[in-house]
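Let me begin by presenting the structure, written as structure tokens, before commenting on it.
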Amino acid sequence: MLHVDMQNVNKWFGAHHVLRDVNLSVTHGERIVICGPSGSGKSTMIRCINRLEAHEKGRIVVDGTELTNDVKKIDEVRRDVGMVFQHFNLFPHLTILENCTLAPMWVKRMPRRDAEEVAMHYLNRVRIPEQANKYPGQLSGGQQQRVAIARSLCMSPKIMLFDEPTSALDPEMVKEVLDTMVSLAEEGMTMLCVTHEMGFARQVADRVIFMDAGQIVEVNEPRAFFENPQHERTKTFLGQILH
Amino acid sequence: MSNATAMMRSVRSAPMFRDRTNTIATAMFGAILVYLGARFARWAVVNAVWTVPPGVGSAPCRAVAGSGACWAVISDRLRFISLGTYPLDQQWRPVVASLLFIALYAASARRSWWKPGLFVLWLAVPALAIVLLRGGWFGLSSVATEFWGGLPLTFLLSTVSFALAFPFGVALALGRRSEMPAVRTMSITYIELIRAVPLVSMIFMAAVMFPLFVPQSFTLDKLLRAHVAFVMVMSAYLAEVLRGGLQAIPKGQYEAAASIGLPYWPTTVMIVLPQAVRTTIPSIVNTFIGFFKDTSLVAVIGLFDLLGAAKAVIVDPKWVGFGVEVYLFVAAVYFTFTFSVSRYTQRLERVLSAERNH
Amino acid sequence: MSATIRIVAAPRSSSSRWSWRDPRARAAIWQVVIVGLLVGTIALIAVQTTTNLRSRGIASGFTYLTRSAGFEIPESTLSYSSRDSYGRALAVGIVNTLRVSTIGVLAAVMLGVVIGVARLSSIWVVSTVAKWYVEVLRNTPLLLQLLFWYSVMLALPTVHDAIHPLPGVFLSDRGLFLPSIGWHGGVPSLDMPQLMRFSFRGGLWITPEFATLLVGLATYTAAFIAEIVRSGVLAVDKGQTEAASALGLSRYRTLRLVVLPQALRVIIPPTTSQLLNLFKNSSLAVAIGYPELMSITTTTLNQTGQAMEAILIAMTCYLAISLSISLGMNSYNRRVVLRGQGA
């Protein structure tokens, strides 16, 4: 069974056609990296998967649930899909631990003690358990992003979405976040990552997708994608970011 | 270095002498200010009458009228100005109530106490004060609200109205940003209507119209009606302040909450409101100070709050004509309170913006 | 607009089948419930009010407006006598409100700008005096200030010992008398106030009530405007001044061409809301007896018992004037203030 299935997905922002007939099927445990110039619709596409954006035409089925207006189904999908944002979006008024326990307690009705245990488990995994009682503002960007990953993992998602998770980080912090993502990938998590970290794509991606002007232009496994791009636009883009 | 040059140096570096323009200006304005100050001091201190012996009325004050201040009016009527007509033998009750309010304000200034529990305190303290003032329990004699007055009444009006207006303000602010057109329209209409009319007209409305709205068996006392007017108005102004806070919350916060599956109400209560309130605390406190001053308007419907009592003092034939002294005194009381609170918010604003920027 | 709701916003062409789980259906039901509650409450109040009015024998309606008012109004721009109707008295009140607000606004802006600039002065004495002016005026209730000024006015010498600083200028507990320019046979002539037995006759008379209200409103509002002016000027980025001097502009030109236009954008919106406040605060005249809208309203309701009608009329007038002022200000803002901000 497909884990994420998008068929002929279309979306407009006013008159601007941001997604044009996007078709994408992701199987269980598959790791996909999406790249493309800014404004190409790559963020919008993954934001449609947990319905931060609503698509206007076509079908999106996530883990067997089709996304419609039905709030209950949207809630179901969001429980199963985690997302990591470019700007971390941690809740600044809550401690790291509270950031992580909030959803398990309020969405899954987990008792505080259990939620804290789960949170500490994942904070250990992203290697910052000692920061649990600090506030996000007291942490470095890399640490904040790792907390954001832990916060998502606390809901035990089946799919993780990454929306340019390293673009807002200082260069020396990119690696710690990528390492965390790599270890996630190695455990068999279904992942969709919008990123320009081509090293990461080479290392973990099963498929690399190139988007431009709202369309998926090219899909290939990483080696072929980087060494032998088929489309002119892909070549130009790769030329720009690799040199 | 000798002492004299050290002194010269410190004088030179004082802001009023830091350059030639400043020195000249200081000399010129200083002369004027000293002259005015001296004239004021002659009126307020040198020629002033501080007390009058019993039985002579205000004759000693009348004798110096025009050249000296009559502070005797304050010493004579201090109890009335500060506590209204509350029974003399029970006056410890309004005094304790005032202290409770002051303690509440002091507690609210501590940042470590900014928790939802603080709001409960804002409901509990006025409730306690009302129980204390009203009596009829625990062997306390019962005192009707028309005898309440002075400073405790000012504290009571502003605190109770504020605590009750706050939840309404939150609801209106959320309503104004709602995507449901009916809810949005109603919130906007209410907020804009209330803000477009003078507070006095709302107080008169409450005083003369509210009794018509309820069954006649149901008597709304004047103090309660004044509270209703203040709650109605304050909630509209608080809603506007909170709206600013809501607008300042980045979209990413809503998205993050949605992505971890939080529905609307948990998101609003746990994520949105705490941040909106935190960023607007200086403005919320300023709104409170503004209304603290504006509770003085109840004097026009005949309640004896601090200003109402002062106004009543100079209606007394004995003290008629000494309004300047009475009002200067009352102004000093208001100023002490509001100035210190506004100093506090200024400092808070600096601290908060420094925290945001790093 | 709320981002929370936008997230689950309805796409244009999804299933249109009705479902309780559809946010659109939920929103519709919520709105019906809320509107229903509101309408119900209003209806309940209306029914109760009618019963109360009937049982108290109060005839509601606006016919009282045509009845003779029977009270004097000491100062009026419109012609008015106690035989005129309540409606006429109301009109006098509105005109007086507008009169004191208009003059008050002009005075408040001038004084506010002066104090705001003084607050920024590099001369320590000047900025300190301005600072304390602002602190004292802002931190005491306006009503208290009005009552204070009124006490001061009434404590002035009597007519016979009037303060007489210039020819034709007399300041006493009856107010301020000034020479005025009148027309006699097509020739302008100076009309000097003459001392009669109880007061002055002729010239321009400013009553203590009007003077109190004007001084009180203008000095109070000026304190707020001064703070706005100060923060507006400080808000202009220092780099702007530096860039202007780097281009060789003089200090005056820099201020005139670079700093002020940018500061005005910051200054104008909050200032307009202060001016609206001044207009609304003119209703405090009720405490000192200047016959503006609110005072006339309270006199009317005390005499006729038509509390509801009188208050509703007053509130409608304030509302209409406030809303037209803010509409005017908003369009001015759009044209002038937001120009070149790309919004």
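Per-chain numbering from 1; labels A, B and C assigned in written order.
In the analysis below, a residue touches a chain if its C-beta (ideal position, glycine included) is under 8 Å from a C-beta of that chain, and two chains touch if they have at least 3 such contacts.
Worth saying up front: this structure is predicted, and the values here are computed from it rather than measured.
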Arrangement of touching chains [line / ring / star / complete / other]: complete
From chain C, the most remote chain by mean C-alpha position: A
Per-chain Cα centre nearest the global Cα centre, belonging to chain: B
A-B against A-C, pair bridged by the larger set of C-beta contacts: A-B
Geometric centre distance via CA averages, chain C-chain B, whole Å: 21
Averaged-CA centre spacing for the pair chain B and chain A, given as whole angstrom: 51
Separation of mean Cα positions, chain C and chain A [Å, integer]: 55
Where chain A touches two or more other chains at once, by residue number: 52
Residue numbers of chain B (touch at least two other chains): 255, 257-258
Numbers and ranges of chain C residues touching at least 2 other chains: 7-9
Chain A-facing residues of chain C, complex: 7-15, 19, 21-24, 26
Residues of chain B defined as touching chain A within the complex: 250, 252-253, 255-263, 266, 270-271, 274-275, 278, 355, 358
Chain C contact footprint on chain B (complex, rising order): 15-16, 18, 21-22, 25-26, 29-30, 33, 66, 177-183, 186, 192-193, 196-201, 204-205, 208-209, 211-216, 251, 254-255, 257-258, 264, 267-268, 272, 289, 293-294, 296-297, 299-300, 307, 310-311, 314, 321, 323-324, 327-328, 330-331, 334-335, 338-339, 342
Chain C - residues contacting chain B, complex: 1-9, 27, 30-31, 34-35, 38, 45, 48-49, 52-53, 55, 122-126, 129, 135-136, 138-145, 147-148, 150-152, 154-155, 280-284, 286-287, 294, 297-298, 301, 307-308, 311, 314-315, 318-319, 322-323, 326
Residues of chain A that touch chain B when the two form their complex: 50, 52, 75, 78-79, 81-83, 85, 87, 89-93, 102-103, 106-107, 137, 148, 151-152, 155, 161
